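Letters A, B, C and D name the chains as they come in the text, with residue numbers starting at 1 for each one.
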Amino acid sequence: MIIKGGIVYDPANGIFGEEMDLFVDKGRMVEQAKGEEIDAHGLLVMPGGVDAHSHIAGKKVNTGRIMRPDDSRLGTEPRTGTCRPSTGYTVPNCYAIGYRYARMGYTTAFEAATPILEARHTHEELEEIPIIDKGALTLFGNNWQVMECIRNNDMDMLAAYMAWGLRSARGYGVKIVNPGGGEAWGFGGNVKGLDDPVPNFDVTPAEIIRGLAQANEMLRLPHSIHLHLNNLGKPGNYNTAIETLDLLKDIRPGRMRQVVHITHMQFSAYGGSSWRDFESKAPVIADYFNSHHHATMDMGQLLFGSATTMTADAPLEYGNARLTHNKWSNHDIELEESSGVVPMVYSRKMLVNAVQWAVGLELALLVADPWKILMTTDHPNGSPFVNYPEVISLLISKPKRDAEMALMHDQVQNRTSLSGIERELDWTDIVIMTRAAPARILGLQDKGHLGPGADADITIYNLMPEELDASQNHDLVKKALACAKYTIKGGAVVSKDGQILSTPPGRTFWVDAAVPQDDADRLMPELEEKFAKYYSVQLSNYAVQDAYLPHAQVIRAGLSVESLKEVA
Amino acid sequence: MRTIIMSPKKDFRISVEAEVISPDRLALLDIDQIKKLAVWQGNRQHILSDLFTVESDDSTATAGDTTVRLTGDFSKVKRIGEGMTAGVIEVQGSAGMHAGNNMSGGLLSIAENADDWLAREMRGGKVVVMGDAGNYVGAGYRGEKCGMRGGEIEVSGSVGAYLGEHICGGSIRIGGNAGDFAGAANQGGTIFIEGCSYLPGAEMSKGTITVKGTAKVLPSFQKMEVVQIDGQAYQKYAGDLVDNGKGELLVGSVRMV
Amino acid sequence: MSEAKIIKDAICSFCGCLCDDINVEVDEGRVQRVRHACRLGSSKILGHGRIEHPMVRKDGRLVEASFQEAYDRSAQILLRANKPLLYGWASTSCEAAKKGILLAEEVGAVIDSTATVCHGPSVIGIEEKGLPGATLGQVKNRADTIVFWGCNPVEAHPRHSLRYSSNSVGRFTPQGREGRKIVVVDVRETRTARNADKFIRVNPGGDYEVISALRMLVKGKGDLLPQEVGGVLKADLAELADMLKAARFGALFFGLGITHSRGRYKNIDNALSLVAELNQHSKFVILPMRGHYNVGGIGQTLAWSSGYPMSVDLTRGKPYFNPGETSACDLLARRDVDAALIIAADAASNFPRSTVEALADIPVIQIDPYENPTTLLSDVVIPCAIAGVEVEGTAYRMDGLSLRLRKLVDSCLPSDEEILMGILGSVHRQRQMMANQGV
Amino acid sequence: MLATMISGRTLAQGAECEDKMNPDFFKAVALCHLSEKDFQSLGLSEGENVLLRNEHGQVALRAKADSGLPENMVFLPMGPWANILVGKDTGGCGTPHFKGVQVEVTATDMPVLDIRELFLNMGV
């Protein structure tokens, strides 16, 4: 396949809007090829979108569907010759997830939080999502074995357990959610901060985070720890964010990348002491990121309208439910995690929501280096992913932001810095934040760029970047981004002008990390005891069987892998 | 004024879904266009004239100037008047499920009975049923926080369970009895039941429910004063206190079971 | 003589407990002994009389047929129908359910599970309020207070108490039963009630009022309550409310005693609110006692495929959900269905009589390992290998945890999944033929 | 006597429920549990039958005394016999009233129908 004459943005390879031809063969980018020609003259061409943080599969997503038939009835599309039926807006069914990402030009999305015990379910759903490539981050931050290793200061066994957990879960990376708080929630409590000990376990959230970060780098995993901070969603929590970032700045990365990815930062960049004096601290957070280089983040942008909050931060969800008087699902996972789901409507008229909306945008506009911040909405917590074009059009257009702010509470001006920010992101920034950076941050070498050997995941939008004033024509941009002219996945056109043309199954990435045998041998008796005494399932029935990943893509990591890029 | 008359060509065993039967959908179409509108019976899509005879003059009109008259048995025809905003639908017999679903204006009158989900999520207009109606009159869809938000429903006969579940506004008047949980989770609507009901007003937070006959009242309602309305004494209750509700329940005759 | 083989940690495919510690001795291709399972599970794993070959009805009688003949006849029935119902799915694997959903899309059917006659009201309640739950191991490790409301695990889920609830021993519950308070609320004194610390007898249909009264007590508004609610003395309710509030970790398990009684989903809705409010005082979770071993799995599979966990109407191509309208009993009661495929369920035994009469009046396809009353009404009968005994696959436990069922012995019969693929294949062929003939 | 009928799972019913054409299923399920007092006041002795009747149908069952039941409540193992007494109305939510059904109970000489007899003359 040849894609002719597009204006190509491939910032990972130093290409910033050059007219050039692209060549595809056997699903990969190559130097030269023949075959079908796609005319992209003057059109915006970039790698397929990569979503590094989205709740798309597993128990809590399905709980969202089951408790929200009111949402499932939205966005219903009938079965066609090519497509299975679609349902839902904030909690779309599996098919809709695949089709809607593909229509938008996205070709990869990572499920953000899976407990090991319930990973089988996550993979059942991931496999059912058509078209896009996937992976799932595995939860470790409230795990008994993790906390015990850290308490015993046994980093080797911790690394061995993480490798075992990732293998058991067929997981891609280490997710930490409100470390310690999920365990405390087992008896209805929470942790208040980094140094608040976890009841019954004699470790602190700070120790859990540091321990997991260190072991993550010992294992040289492709991705760093992926952290949902303590105190998320609370006024004044920016202090926790800064303290946590400081806690990790001396850790040596095992690969050439960040040592921590802070997820949905918007929910953790708040000042004030209560909802009354609630304000943005995005500038402080952005300053920190501008002056430090060990951390990355994603926005977790909030948009007005309907959302379904779902997170392993169960105490937060209980608070959400009490606050909004909405339906509440909770799910504690023995020895490992807790979680919750609460529907939500964000309103322009609510000052708190309007400030939250501004915080996400401030972060993206005030962090100078787009490689450090990804565009996400923490789907479906801040907004469903189908609204990414809205987020992008806000980032590229100061007039659009001003028009929006004019509809909001006056106080938004005083409590955020957004109205004073002139910056408008350009296409290079956008392509980095939605393609190149998520792939690099996740450690996906063949994603997010169009160099030879890369996966032939390409998006062509019906926009003329050289002729268009994106800032003034933000509506046009939004419309075009919602519906790619072409989405090419693995070298096949999967979507054209919003119509799904083919539905190949996507692959699922997981990480198999090697550890020294004696560490694994020391670990097993401890695990056997845990299963004999505490788990409600047998050890032999615990791990995800290969039958659930018929399209697996294994990435090797670990202590004995030599071929990895070393960090000097 | 335009009048469109429809009648089923046969007895429907499998129910028919015909959301196109609404002044909004029909008024601006000529009769041939009307006949070609899509309706469903199970998994088969038909054109309207496969299943119904259609009579009308050819003069188009606004929805507000259009009357749709349904003669014959429409008890297995669902979604009549779905989303209607204006005009009149006269069902001369009974109507199937979801009649007047999501309507925001106009008049839907049903000479005999209405099936379940009558005027579900209604926003405005008026629905009149001379016979009985089924469960979930004026309720919200599964999982929705809000049922009927506005308009008026009048049923001369009795209705089934969950009358006005999650009602947020508007008014309902029932001439006979209402089944279990009338006005459950009422958030601001007004319901009057001439006959009896069982556990009315469960989890109501606002609004008023009046039961002229007997009612089994939940233990989570607080007994207030006796009030006189139109010459009848009503025991007044406040509730539902399980949710700190500030609703008003008036019962003509309390059954102490 | 072959060597007897012991299969360890097999998963019992009878009830929603999905016990995964069963040891099975297999010899000469047959299950010889079953260890650790309860009477229900052993009975299933050891096996009963089976349907041996496919049958189709000819001249009013079921006669032996080939599988292909049975598939073709099934496809013909489904293709002719304007509103076919695909019902059952609780006692088979999710892999079969996926094919069933595909078949429902292909032929434009309503697909519904046995949930609609058991925990369907729980699902509707959850749609109103959400489900504050936990995995069963969380209960085992932490619960000091357990309430069984309208359920009787001693008879319906015999190993529940030892593995997960009353008698289980875990990290923070080292004393097991001794360290726990067990409460049973029911209309009759069940065997479970006899083992409880406190039994509260409610009047039939009185559950909703009793739960409302408990909510009042938990909120500190007990003084407004009458002396008796739903057949229970206020003093008993006050004692119960105090016990629930004082729990370190409480778990409320509920069963068909409240879903099948007057109040239906409102009972569950109210109980969900009670548990949510109890979390102001103590940690509390609530869990449905699911009956069939994979009734949870069909719900999960349908939800991720169609957005809804049961009663999904695909006749118009886009999923539509409304129990009471698109649920099996209602469709039959209204005679709003003209063919049925019953798989892994026995509708003829478990549905109200008049709906069974409606079922008898339409063409019925049965896929099941065993002969049962549904067989008597069927036009096509297709025997299958038993999921979880003869076929691997996925099932979801009552707490939503999935496990992979093991294959214990071979079968010469096809799996449910293979049978559904056979029918799908025949649907495609017949549809192609009709297209070619311009029908 | 007028009674409230409850139907549900029993251990024996569960153990036989996948083998319904077997006489053991009949033995386990074609039963009506009554309180000891009701059992006596109907003049029943072990092995005798009762007739249960309501607007949905009537069914004869073998009577069994059960100390766990209050007066005026009968318990039937779930299954085709009990379901003769259950109406088709689901109250708009999909699930019939399998419990809390009003029935009239009398002693009877009528035999209990076996499972095939129960479905005889139905439809096909």
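Operating definition for what follows: a residue touches a chain if its C-beta (ideal position, glycine included) is under 8 Å from a C-beta of that chain, and two chains touch if they have at least 3 such contacts.
Since we're looking at a predicted model, the values are computed, not measured.
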Remotest chain, chain D as reference, centres from CA atoms: A
Per-chain CA centroid nearest to the all-protein CA mean: C
Chain C and chain D, separation of their C-alpha mean positions in angstrom: 22
Centre-to-centre distance between chain D and chain A (centres being mean Cα positions), rounded to whole Å: 56
Centroid distance [mean C-alpha coordinates] between chain C and chain A, Å: 35
Inter-centroid spacing, chain B versus chain A (mean Cα positions, whole Å): 45
Contacts with 2+ other chains: residues of chain D: 91-93
Overlap residues in chain B, where contacts from two or more other chains coincide: 116, 135-136, 141-143, 180
Shared-contact residues (touching 2 or more other chains) in chain A: 67-70, 73
Chain B-touching residues of chain A, taken from the complex the two chains share: 67-71, 73, 326
Touching residues on chain D, where the partner in the complex is chain C: 4, 6-11, 14-22, 56-57, 66-70, 73, 75, 78-80, 83-100, 115-116, 118-119, 122-124
Contacting residues of chain B [partner chain A, same complex]: 141-145
Chain C-touching residues of chain B, taken from the complex the two chains share: 13-15, 17, 40-44, 76, 97, 116-117, 135-136, 141-143, 180-181, 184, 199, 202-203, 218-220, 222, 240-243
Chain D contact footprint on chain B (complex, rising order): 116, 134-136, 160-162, 179-180
